[in-house]
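Next come two complexes built around subunit A: one with subunit B, the other with subunit C.
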Partner chain A sequence: MNIFIYEMKTYQNSIIIWSLSISALMLLFMAIYPTFAEDAALMESILSNFPEEFARAFGMGGNLSLTSVPGYFKFIFIYIQLAISIQSSNYGFHFLSVDERELTADFIMSKPVSRRKLVISKFSAAFSGLIITNTITTAAGLISIELFRNGNSYDAGNILVLMSSTFFFQLFFLSAGMLVSVSVKKIRSVLAYSMGLAFGMYIISALKEALGMKALGYISPFYHFEPGYMIEFGKYNMERASISFAFIIVSIVVSWNLYMKRDIHSL
Partner chain B sequence: MNIVLRELRSNLKSLIIWSGCMATLILIMMMEFEAYYDNPEMAGLLDAMPQALMKAFSIAGPNLTTLIGFVSIASVYFYIMLGIFAVLLGSSIISKEERDKTAEFFLTLPISRTRAISAKLIAAVINCLLLTGVTAAALYSSAAPYNPDQEFLRFFRLLMSALFIIQMIFLSTGMCTAAVIKHYKKSGNYSVYTLLTAYIISVVISMDNKIDFLKYFTPFKYFEAQYIAASGELELKYLIISAVIIIAGFTGTYLIYPKRDLYI
Partner chain C sequence: MHAIEFHKLTKYYGKARGIIEVDFNVEEGEIFGFIGPNGAGKSTAIRTILGLIFPTSGSADIFGRDCIKYGPEIRENIGYLPSEVFYYEKMKVIDLLKYSAGFYKKDCTKRLYELADIMELDLKRRIEDLSYGNKKKVGIVQGLLHQPKLIILDEPTSGLDPLMQQKFFDIISEENSKGSTVFFSSHILAEVQELCSRVAIIKEGKIIKLEDIKTLRQDNYKKIVVKGDNLDSSAYRIEGVSEMTGDTRTLNFFYRGDINKLSRIISSQKIEDILIQEPTLEEIFMHYYK
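Take a look at the complex of A and B:
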């Protein structure tokens, strides 16, 4: 418990800053919604005279119109996911590698605490941090929708389904970071790894969206938890999400085993 | 000279990984182009698009059936990836001495801090050049089967120069941040979040044209591929702004780092 509390304290500032910035981002995006919807509505009314393909070429196809709240929200939620993925992979690459990097491993390993307990405390601290962020940003999301929806209606249930997927989305990056940090000898710079992972996955899914790289898309959680599907149907796209679920389980099990047997580098 | 070589060697692994990722991504992406290349169905569709309409909404739909159109869609992601590389390189090349506890050794060598920075700067610029080179080579070789014309080559050269300029902007930002901020962890965070903010700003601008003036704050908007393709040049205004940012960043590093306390 002591380790958990200590870890939570080290995350404190980071949790506050991330929650506030993601909430602010959500608010900013929703604040643009009224003007954006006007432009988009004009555009859609013109496009409605043309065949379906035109609308799709402008990114306005599909069943959800960009002028509607859910249609707009799915569009902005990708950027929220980007921010969340950076935070989660920061924590994932950080929490098992920090002691060896900052030369505190000798200290913590000589405490009368088993490695099992150590990993569990550290993992739960990192994950609780992410859950706190998730809760705050979900609330901020719902509030900012309510503030700027301009009288348009939306299905709060579907939005909540979308927000709940963030939980697994965070777990994906957290466990991926954990897996890498126990597989390599030393992580010198957390940021180099976490930015690479988060932006790499984001860019793969963005390129997939724009240019249609089917096979590659399947490795990216941005594609597994694509907001469009969830917000339209109010459920996960299980076919894709299960790839993420499987990855999370495998990487947690593997990193657990690796860490139990790990040579701890120290001075 | 020793320091330059030492820095190049110590960053070699990361450079190889980044080059490998960029090259793989580009090759896979360009494989996809086969489906679009000269596809008459798609070209016909695009011809029928109401031009005036597209202009009015300033989303001149890039023509995916041509090399230029296809590459310009992906260009902003090249900017981001290489920008991340540069900003991380810039901040870590300065702050890693403190992070790895080698500062006491390194800065007691009989060279001035200014010379140390110069050596590091040279190594960093060489790294950025090499990565741009790999990107260019991968893009060029995977575009070669599709008969690139003069127009594409011109666009390609400009895009690669823009890529390098953006890397320099972020390199100088990263180095300057690492020189100003004392704690190595914070300096890395600040420089990376600067890049993230710049990207988010560029997204927000494209959604609402009332806040167009913000585009001066985000390098990702300086050299938009569509502008390059249409005009065949880089916009002078932004070249000047970039030069100012780059010079300010490097000057800041040279002025501040030699005088600051080290975090040990």
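Take a look at the complex of A and C:
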């Protein structure tokens, strides 16, 4: 509990900043929605002029009209996911590597704590941080929809299904970051890694949409948890999501085993 | 029961040598010196018994229990002070020490304040604002606040001024007299000489000598200085003489062997002064590292 509390304190500012930024982003995006919806016909004709590949790559393709609430929310949610993926990978690359990078491992690991307990406490703290962010942003999302839906209807259940997927989406990046951080000798800069992972996955998914290469999409959680499908059908696309589930389990198991045998080097 | 037992403990970092078949015991209640130059493997041995790194082969027991298998339980009774101290920069000293105390089952608050008082540590400052010497003091307090049965010191005195060093040695001696075993790694021999009863000397990953500090210092070596007007160094070239330096006016050398043989040579020459000394550990040490 000692470690968990300490870790939570170190995440405190980060959680606040991410939660506020993502909430603000959603509010801002939704605030533009009424303009979109008011002149629906005009918007439709503008959008239809975009090349289809381009529209798809930026999340404007698919069956749902951008002028409807679900269609618009699906479009903005990709950018929310992008922000969430950066935060989650940040935590993932950070939480097991920080003590080695800042050389505090000697302190913490010479205490009567098992590595099991250390990993569990640190993982729980990082994941709790993400869950808190998730809860706040979900609330902010629902509020901003309500505020700016302009009388248009939407299915709250479907939105909630979409929002709930964030939980796994976060786990994907958290566990991927953890896996890399225990596989390499040292993570010098967390940000370089997390930006690389988050944007890399986003670009892969965007390329998949633009080029229509389905195989490419299977790599990326942006495709596994593609908002369009969930918001349209109110359920996960299990064929894709299960790839993420499997990856999460494998990376947690592998990271665990690697960390139990990891040599902690001094200077 | 031994405080520490090394059983052919070997550690390779990939192909790089860490330690090779380190095998000796540290008795309960003694202050044991572990000496060797940088890179000899002192820290490797220590980090293995703390469970920070894992042995390639062999094992080590602390108070009769395997240091890897029972790591957390064993560390309940270990206090560790590393050579380089790093703590959470943003924390206040008192918060760090309380965090540290929170890992142990017993209440360490009283001893925490006592030690901080002796070491003249300002508890309200942030770690990042502390000088190196002050961080080291934090290290000493966090390593000793739970009154460990085994104190492991890895080159502990660097960064401490002589006054603080003395205070630190006093604390260590006090803990020792209360029954704690001390495992003291160092390359500064004077401090080992001052505190320890036995030493192990490590060189290139292997233990080359395990001895009582007294025996080690005696070891029949004498440091000899002969002064005169016209000394003939070639006359001294007998078995047992080493490290001969100097000129016709002064000769410095070490001698190990029958002192009568040497005295006959000296008496055969006209000399002005003679000095026969016990070599310091430092000088003996140099000898092992030749």
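The criterion applied here is as follows: the second predicted complex is superposed on the first by the 244 of 267 C-alpha atoms of A that agree within 3 Å, B and C clash if a C-alpha of one lies under 4 Å from a C-alpha of the other, contacts with A are read in each partner's own complex, and residues count from 1 in each chain.
Here, a contact is a pair of C-beta atoms (placed from the backbone, for glycine too) under 8 Å apart; a residue touches a chain by one contact, two chains touch by 3 or more.
In this text the structure is predicted, and so the values were computed from the model without any measurement.
With both structures placed on the common chain, the touch criterion links A:113 to subunit C but leaves subunit B unconnected.
Applying the stated contact rule after C-alpha superposition, one finds that A:210 touches subunit B and leaves subunit C untouched. In the superposed model, A:46 makes contact with subunit B only, not with subunit C. Of the two partners, subunit B and subunit C, it is B that touches more residues of subunit A.
When the two complexes are overlaid on their common chain A, residue A:86 makes contact with subunit B while staying clear of subunit C. Of the two partner chains placed around the shared chain by superposition, subunit B is the only one that A:195 touches, whereas subunit C remains out of contact. Residues common to the contacts of subunit A with subunit B and with subunit C across the two structures: none. Touching subunit A in their complex are the following residues of subunit B: 14, 21, 25, 28-29, 32-33, 35, 45-46, 49-50, 53, 57, 59, 61, 64, 70, 73-74, 77, 80-81, 84, 88, 92, 96, 99-100, 188-189, 192, 196, 200, 203-204, 207-208, 210. In the complex of the two chains, the subunit A residues touching subunit C come out as 2, 6, 10, 102-107, 109-114, 117, 261, 263-267.
On the side of subunit A, the complex with subunit B involves touching residues 25, 28-29, 32, 35-36, 39, 43, 46, 50, 53-54, 57-58, 79, 83, 86, 188-189, 191-192, 195-196, 199-200, 203-204, 206-207, 210-213, 216.
Residues 13, 43, 47, 50-54, 71-76, 78, 80, 82, 84, 86-90, 99-100, 102-104, 142 of subunit C are the ones that touch subunit A when the two sit in their complex.
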